[in-house]
């Protein structure tokens, strides 16, 4: 295996990548993004349910001609990087195995997203590899860039947390979040492939409805991270006192819009609000501050997050749009990987 | 003209109806509903932009074979009822003319929805017929049934107010509304026919975005009515202290879902909440209390409103779904007309 | 059991109906249409997969509050009519059982659609009740009205054959069909509930593709019926020499459009063509001849078939639109049942 | 102005490009593709209706930060290449002006697509620059690669002709086309921006209908080119005897599927058919022969054309899918430009 303790050199060989679980929507897109990346080489793709098929037959839109293998057939010594697109619970042992062989890993599951093991286990059940939690870094580059660059295991955030935390981080850092309502709207691909009747065309078209109106697993992920951001901004007691998160399903394949209604700890004017966001995001390559509310289409199939903050009715509204499969999953994994490998953060992300 | 001061008798002649402005989405549907109504007769339909065309050519799905006339060609003596589907401002003079000739009128515009003339003029500009405001009754049958039955001019509510007020009325009556966020999602037909590029298929499909995030004209209508309901419940000071209303456009032709996030004045448990809603709506023919969050499809092309109240995170969430063209406009007009004519409220509404 | 050998009298009791298989899209709609029918009584609904649930919980949009039973729990003596919405093969024994108890039956499956047993078995495999084939009448009322009125078992046509045969019957009767290409576009509900990944929203939205481009089972049904119509028109040798049928899936929930490209046996002008269609369909309550090509929306949730015939490029184009769940399945079943019971054919079909 | 009589050198400066008419769907996408192209520089974008706005404000999904100018403000000496995205008729004078200043031009309009001036004028009316017709090359690279590489004016094909001609060219070259029916399905963006009520979301969703069922302007373009291909294959008399082309609008924003039903001049088996297509397209970077019918999604936002040929019912069916805005317009323009500039044909096309 190549030595990846140092960044690959600008002129050097491509880093060889294994995508485990390339049959689902997020894994397949990750494979495609690696395939077309100038500094990465897609060496192996695995996926039990469709092993033996070529990825561009399974997803004719993608150009990856590789054949899906079973994970057990894979020789980890042939690659330097693993991207894991398994369901939570199933991901942890695969990540552990890869880390044991020295691979850099980006994990798209929830398994290493939480700082707090109890919070993880409350939401997802027992954790099979708790020892790896400490070394894992939460992969939101706009907030954790330096730590990601040093990390060997990055936990890619959930799609709702990505959009929500990017929407609220400037307010959290300033200690302004008192009470937050997040009304989220998500495209159907967020439910994954094989969703059954609940994601059938006939169920979804011409329809919008809330689901899991209380207890969605992304809520504690959002709450933990906003608390940590507030603490890091020197506002340890300024975690939101109340946070409500209600996701809705909309007839869109890819896309996510979160509408955040914030009661601030003190009155904030539009000018101050704009300055806060400009300071936080003015130089970010993948965040765009908008003068009008963004739509899902504006970020479709990009790694962009568009953010619109507004003072209204003595409250702060922040609308934030991402593509749930791109910035909410697979392209953000590439952004993280670029950082881990010392590449330009935007490489291969258009 | 027939004497309509008394309800038409069960066996009697059909009431003759004029639909003015039958070329837009709401007017055309109102015409169709009158056409298929067992106790109404569709006598005249008007619409300048398509005068001379038959309605079932303009809207091939509808079965109304009548030809659209210009309003000026119409003899008001031939009808007993006028349904007006004009834009605000343009509606008032037509309503005044009809009332002057003794017609019962249901007006689908905003012109007679406000109790307060200043509030109307702040949102919509000068009012040409302020003298008619006093006699107009707000046409939300579930709350104003008795007054509607006596009314000669009914102001049909806006689609957002219908869904929102029905969602929140039980809480308003109990004086529980302290702080309200309404995140509304609307199908595109709410923008009316001829919306231009903003409602083009290419703009809307695979997209969701907020619009008019502050200052939407339905917000003061909602605020006024919730205040009146609170007052009528003996809670004069219990109007919501803060009300935020943010509408979103979703890729759906007909349908509306409002998600109401309420901070109550005191803690409320799920049992008490369910009892409040059951007491308010248990016998309503067009309201269904749901155990799971309703979807727009569940009420599509019906006069139904489905309501789902939930205690979560020390807050109350109420999801409420209607068809914006039906219960949010045209079928609610028929429901009002049934009451005004002394007919069964559900007549002709399937 | 009531005597149904005679039509029910206009003032008489409602006919009691059992819908077997009311959990699928077509069965559930049939149940809803019976429920709202002024001369039918929905007595029992069955469906194994959801037995014990109420239909208006399974399909919140429908108003049927009855609880689904297992077929085995059902007492056939309590009903006069059975509507069977089972898959082909599974339907035949249920139909036989019902006929054995004297019920009038409308079967929505393919099991009794073919005159020719070999043609059926070639397309669908062995038939368990071939003895019932002779007495079954093909339920296309516009062509078989008199025989349906006398029938005790009606085989409801497939959705593609309904749209295609209505498009082509006037040409078949005149012996004009030489070579026919049918390019069909269907909404997704035609694939039934539980279609899996192939009918998932993510698969279907922003997509159109052909499927089963040769060998679709509706092709021999279309071919047999067009041949019989040609023969009945005194054109025994005038069955189409060649018939190609290619179905396409479009991102629509309900709706079907067939585009028929006909090479006629002799040159036909537009005037003659229009006269042929006017003669055939001028008085039909559920067929509308259009001057412009019809769209699926024009017939959505109606029992209508809109037909547009055009001479172009020395060929005849006929576009024909239906709602695949209504005229292509459930509402046509009601139309057939109205005829069988001696009711007005349009009763309960708005 | 740079000398563009010779291809730009692999290491040389980027070619400077003007996109005229960058406010429409095709022009805006062309600008975006130039912007992200490694060997092209987007120097100027023009568009009267939105002059003064930045393109990434007009189309927030695109990353082009340039401000739209009026064409009159533009200095043609600053660029080497013009891409013209004007309506037919309006394009010709702009093309003439650019050619007069020595620019290489790719024109997306119909103005230079026809070899025959009378055929053009029959379909589109008088031509203002007939003198340029002779030098213009039809920009279908898979068929005209060598001539395009030498051309200074390339007429980019229409979207329907692109999909149809690529579907049928192998049969045309072999002189096999006797009778052709083309049933085309197109996404709505093909109608351009500002389509009005006909392309409104409410009109399009849950709908499919034919439009211009005879006389569509792309039919003579298809007919002329298939005739020329047949002639070039030594089959001068083998142009199709009859060609019917019927376009349908489907609820898709971008995408096009054509279903071609061919009566061949002699019987052809599946093996021969597959060999014909493999010989024609086996090495094409942007054509993929499919074993199953392709869907629009498979080629969405790519320059690919997926083709599926099948022998069925003594006929040949060819299904062909493109993205109408990409391979049917803007990305094909880039493919042509790559050839004209001596670059790798796939450069900048992912």
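Letters are used for the chains, namely A, B, C and D, taken in the order the chains are written, and counting of residues starts over at 1 for each.
By our rule, a contact is a pair of C-beta atoms (placed from the backbone, for glycine too) under 8 Å apart; a residue touches a chain by one contact, two chains touch by 3 or more.
Computed from a prediction, not measured in an experiment: that's the story for all the values here.
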{"item": "Reaching chain C from chain A through chains that touch each other, fewest steps", "value": "1"}
{"item": "Whole-Å gap separating chain B and chain C, where each centre is the average of the chain's CA atoms", "value": "37"}
{"item": "For chain C paired with chain D, centre-to-centre distance based on mean C-alpha positions, whole Å", "value": "41"}
{"item": "Centre-of-Cα separation between chain D and chain B, whole angstrom", "value": "48"}
{"item": "Junction residues of chain D, two or more chains touched", "value": "203, 205-206, 251-253, 294-295, 297, 300"}
{"item": "Overall pattern in which the protein chains touch one another (line/ring/star/complete/other)", "value": "complete"}
{"item": "Complex interface listing, chain D residues touching chain A", "value": "36, 60-61, 205-206, 288, 290, 294-295, 297-302, 306, 350"}
{"item": "Chain D to chain C touching residues, read off their complex", "value": "179, 181, 183, 185, 187, 203, 206-211, 213-214, 242-244, 246, 248, 250-255, 257, 259, 261, 263, 293-297, 300, 308, 310, 312-315, 317, 319, 321"}
{"item": "In the complex, chain A residues that touch chain C", "value": "25, 188-189, 193-197, 199-206, 251-253"}
